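There are two complexes below, and they share chain A, which is joined by chain B in the first and by chain C in the second.
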Partner chain A sequence: MVDKGSTSRKRILILGLTFFGWFLINVFRLFYVQVLSNDKYKQKLTRQNERVLEVSSERGTILDRNRRPLAMNADGYSFYLENRSVEESLKELARFQSLFSYTPSETKRLESMIRQKRSFIWLKRKVSEEEKERAISLGFENISYITEKRRLYPNRSLACHILGAVDIDNKGVEGVERKADEYLRGKSGRVLIHQDARRKVYEMQVLEPPRKGDGIILTIDSVIQHIAEKSLRKAVEEYHADGGSVTVMSPFTGEILAMASYPYFDPNERLSLNGATRSNKGVEFSYEPGSTFKVVSSSTLLELSQVKESEQIYCENGHFLYKGKVFTDTHPYGYLTLKEIMTHSSNIGIIKLALLLDKEKFYGYQKSFGIGESTGVELPGEAGGSLRRVDRWSGLTLPSMSIGYEVMVTPLQMLLVMNTVATGGWYVPPTILRNELPLKNKRTRYRVISSETASRMKGFLASVVEEGTGKAGGVEGFLAGGKTGTARKLVGGHYSQQAYVSSFIGFIPLDKPLLSIAVVIDNPKGGVYYGGAVSAPVFQEIASDTLTYLKVFPDPSAFAAPIMAANRPEEVKR
Partner chain B sequence: MVRKPGVNTPLFLAVVLLSFLGLIAVYSSSAILSAEVYGKSYFFFLKHFAYVAAGLALLSWALLCRFDFYRHPLFIYGLYGLSLLLLLATLNSPIINGTQRWLRVGPFSFQPSELAKLSLIIVLAHYLTLKKELLSKGYQVLAIPAVLVALVFLLILKQPDLGTAFIVLAISGVMFFVAGINFKYVAWVMTAFVASVVGMICFYDYARARIVALFDYEADPLGKGFQIVQSLIALGSGGMGGVGLGDSTQKLYFLPYAHTDFIFAVIGEEMGFLVAFPVLLLYLVVMIQGYRAAINAPDMQQMLIATGITTWIFSQAMLNISVVIGIFPPKGITLPFISSGGSSLLVLLFAAGILIRVASGKAK
Partner chain C sequence: MKPSTVSARAKDRPSKAWGFYLAMVTLFSFLTLFYLWHHIDVLRAGYRIEELKREITKRESEIQQLQARKLELMRLERVDSISRDKLKMVKVDPKTVIREEQLDGR
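Up next is the complex of A and B:
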């Protein structure tokens, strides 16, 4: 290498230097990417393979007062399609659809989503275990499922209007489910997942575990609720009524033991219900109460000492013309005391007494009884009824109001009026919650009428059941108090001669009432429409069954003998 | 000139260290893929390990055997002929990822372009040494070596394997240059190349667009640019110290060819700049020691062989790393001694053996 040596050496050195330059470029670039841009690429990496997922919490259960489940959770299976190829997806969809009922529009919607190449498509949410097994047995390539919690109402339609329902995402949309949604739903958790490029999760980190929703215990007693629903159904069907409502309360505690509205529905089935079926009539049905409102009028009369107990009022033989309007009674009466007026429900008697009342004071007592204002019970959509201010009253308002017209109430409001008499004069705010939640009705109890007035009213109302319009509401072996009501419905601006709201509202036993019950039947048909005929028997049946269930017997001594005998068989033989 | 006999230790150590690092990197980057494909996480690693062992054996043989096989015409032309035949055979091989680079024999697959590079270096060194007197006098003497190069170049281009073809051209050019061809030919070729590139960029919009697109990978991060973007994320998130051995998340299918072409990205992610930079330094050691060996070679043929092999190893390493760090578009070039890739590794280690032999003054 003597001759070529120097040239080659020079050229190798040139090469070496050139390559060293390339080396330096690589080193600088590497340093720039790795060290100087470290944070930027770390962020990119995080964005690429980390994702925060929401984990839904389990919804709280709803129990009745005896801890029997009314709403609970079960596993539901939700099927989805991973849309990899339109053709295959459509084929699998067709096979999948053979298992479930799909409307043509649903099918169309799914097919168009597949054609739009949406990568993830829900096919059917929250199906049962059996349905899941059937679907799996068909063997799908692109269809799989995840397990979700499904709301389950084990008693089906029982207490449906109180419980309400949830939507497909377990959000409460009706009833207590809606009212107490923020407590029931709990708090969803967050999980940080790391995914590889194929979106497979290789690491999971719980950032925040889901918190189960609060359980709710209702004041409802499933058995009493069942009794109420059964009797209500019977009455509505027998009289072909438009609907009806029964509310059972414990008057001293304000707890609602049952609240039924006919027609019923099954909240397990997510059907689109019409408003009439959905509405919880106990708090949502506003109506003119008719004669049951005489409890308010006569309580006011007694409180204001407008009438003496022995005083005889002439009842005009059933026809009373006042300011151009004729008021009538169902039977013509002559002279009646206030007690007799109540017992036989004379409109004219009450009106003639009420005309002596100071309007403002009467208005004040109505307010005090809770008329014209919602009760604050923990149910959504409660109506407040309506009570017009005195300055908007017409000349006929006072007499009409005294017999329960020109004033709107809900069955629950009317029941609270009756509770005031039952409790010796107290307004006890109603509640449906047993456990303490911030949404619990915060109103406090207060006195409405004196205990003397209340006890005199009790006497009147006992007489209604003993010998008056409410005889059908009497329960053998018990004294009860109650008042019938048969109100004409306002149809197209005129009081109808055919459509009535028939009610009976009462309490039992008379001296220490355990139960108060409001039965309101909307538009019974077929000639029988008096509250005493349609609703009082419902009261009787529910009261009787419930007292039996609660083991409250008319006279304990009457049952003592056979029990003793059973305990001493020898004596029986002798 | 008196030369101490004995092994060139820095060169030998650099190659062994790179191979050792390759074992670690291949295991780490292939374990998950391997477990998925073969059910065993160490399958790729074992295969690679076997090749490294065989390659080191070949290296030792090339280093220690007494016979100067690369001077023997039968070996020289036989190897070259065999390479051409194998390259021809690839034209009938199955298409993998749109290319035909691999020959399959039973369970073994073989990439003839690697062998072709070595055989071309040996045959060029032999021929240029034979004609050394004529080299500076005219260009006619370059006709035959040009044909030798062109055959290999075109067959590789046909596969197509642009990156390897480029390296073949680079190695050959460097060997002509070092062998002492007239500088004006070199100047002509360089000028013509630069002029044509500049001309194309200036006069043809589509050419400019193509060239811009080659480098503008960020514009299309999910398409062709995906590999580069993922490679940069891997390197960039590694930082100075790395995320820890085995903890690469980019190898979880984000990074394509994690254990072959983009293995440097996994090294950078897991072990950080503190290891990635020394890897570059090891190639620099190979380059410096290789060229020093060429300069000090006892004869022209050995000088040319050392130049050729050094150029091959170094340019391929730099090109691979340039791709991984995003200054070149992806070309399908492996990282010498580190990437998994059986036959290529065998040939490279054998070539490294020859280079160390020259560097160690073993040849007579």
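Up next is the complex of A and C:
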């Protein structure tokens, strides 16, 4: 008889040994996998379960001087097509295109990509939330979307030429977006993604965090920018002009408060970006300034003591022949003092005085006023204008230059000339950045003319607004200084009789200027083209609205007393 | 008496071994289960954290969208046109502005 207990003990022993053996096999296997083949399996696991992704950084915001956002970021939705079947894809593309505006060439390109059987095709990138919802509602089989950051300009066309725009990959291509791209774009980061067998992410490890781009604060004031844009649009439309530019500055600090160029564009709509529209005329438009340049000529004359204030100059009754060329005035004048020459903007008066000037010295003063070189303002594409060296001057250059011909300037350069008078003789470099960045204009202020000359020039310019060609630029209750300019445009090598650049450049209030404004209207039509008629009213409107906005009100004594008295509460009660 | 003592000891040996093996297997199973539970729990927590992170990103994005919408509604051009055309507001005439110090006769 076999002992029952012994049999069961044997069985238990065998079972135990089996478990033990299984345990040992596992231990050996684990030892093999985890110790001996560690590197091999680690690599295999990494390949299957880990992925390093580049995370794009968020672009820095652009704010105005009152911290109002001018450019920010929002989610954009990018739609793509998974091209599984050419026929189905073409059908879905046609449905998708009904939602968005596609040019025929774009449609052709997409269709050709589908026929080439490309597996992944971008259809539309960075569309808005509403557009995404509309697309989703159509229910596509092969069209999906991913979320990307898109640049948003909440004020649409406001300050469009200053801000510029970005391309589809958020790279700055125009304006401040381009100039300060290095600071705005930040730095991409890297993330290690751990995913399971079903490719579902269960852990994300930040290897290098993305660094958000630096924010930029501009000197622009949105409200003043809006005032400038509104007035400019009105003038350009009223006179059917080709375009125009307005620049508003704080003369003592050199800060640009507004810079408008017409026509405007919406930087949110990348399709609207064409060369002519996106040009910032404030810094890119080079033109012959005409009579506004007499500020440079007069200042030089006074500075070099070439003329006494009381001295009378014969203005040849409107026609002056010099070296075979006839120079004219709008109205015939006899004897005028320098102040009267400026007030009535006599070309002949200035020319006759300028002929007394030493060419080199006149050239030197023009350079000091900043003519012929860019101002260094933090905007891309700035033109430097053009100022010929004295050895290249013809016999007619000096008289022509004294009245603003044979010299090219930008509106900003001319405004800086006016600022020099407004600040008592200082050239203050312009800036559009409030925060300190390495790209900030490095130039320093320097004296151009003496304070006495500047003070006398202020008197001349006040007279222009009070009783001269710039009357329409006067703001009730304030004294202002300014100069009008009407320059013929050079068309096909000849000065046109129909095309003009009309400008008015001035500052307000006269004694302690808060604002300086340059208004330049390109080619106004319809018979009215004088700077005093076309541009001076724009100056008046902008100056008046801006001073009200800044809560700078005129001295009550400047107005008729009954108005104030009638509004006194006690009198209202009676 | 001696042989019987030996046989009793031999009799006890399998039960002790059984106890030992059982304890080992239980311990091993327990450790294995604990390891698996711990691992799964960590994974589950990972999924939850990722889900919450996505939720935060979504909410942040919503805040950003709302801010953008607010700014669009506060656009100066729009405010200007509503105040003029709908509310019939007019531009301030500096002549009609009375400052406090004027009323005080200062």
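Definition applied: the second predicted complex is superposed on the first by the 450 of 574 C-alpha atoms of A that agree within 3 Å, B and C clash if a C-alpha of one lies under 4 Å from a C-alpha of the other, contacts with A are read in each partner's own complex, and residues count from 1 in each chain.
Rule of thumb we're sticking to: a residue touches a chain if its C-beta (ideal position, glycine included) is under 8 Å from a C-beta of that chain, and two chains touch if they have at least 3 such contacts.
Since this is a predicted model, take the numbers as computed values, not measurements.
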item: Partner chain in contact with A:V35 - chain B first, chain C second, else both or neither; value: first
item: Partner chain(s) touched by A:Q48 [first = chain B, second = chain C, both, neither]; value: first
item: Partner chain in contact with A:R11 - chain B first, chain C second, else both or neither; value: first
item: Chain B versus chain C as contact partner of A:V223, first or second or both or neither; value: second
item: Which superposed partner A:Y202 touches (first chain B, second chain C, both, neither); value: both
item: Partner chain in contact with A:P154 - chain B first, chain C second, else both or neither; value: second
item: Which superposed partner A:G21 touches (first chain B, second chain C, both, neither); value: neither
item: Interface residues of chain A shared between complexes with chain B and chain C; value: 9, 12-13, 16, 19-20, 23, 194, 196, 202
item: Chain A - residues contacting chain C, complex; value: 5, 9, 12-13, 16, 19-20, 23, 69, 72-75, 129, 147, 152, 154-156, 158, 194, 196, 200-204, 222-223, 226, 230, 476-477, 544-545, 547-548, 553-554, 556, 559, 563-564, 567-569
item: Residue ranges of chain A in contact with chain B within the complex; value: 1, 4, 7-9, 11-13, 15-16, 19-20, 22-23, 25-27, 29-31, 33-35, 37-38, 40-42, 44-45, 48-49, 194, 196-198, 202
item: In the complex, chain B residues that touch chain A; value: 132, 174, 177-180, 232-233, 235-240, 249-250, 252-254, 268, 272-273, 276-277, 280, 283-284, 287-288, 291, 294-295, 297-300, 303, 307, 311, 314-315, 318, 321-322, 325-327
item: Complex interface listing, chain C residues touching chain A; value: 11, 14, 17-18, 21, 24-25, 28, 43, 46-47, 50, 53, 61, 64-65, 67-68, 71-72, 75-77, 80, 91-92, 94-99, 102-103
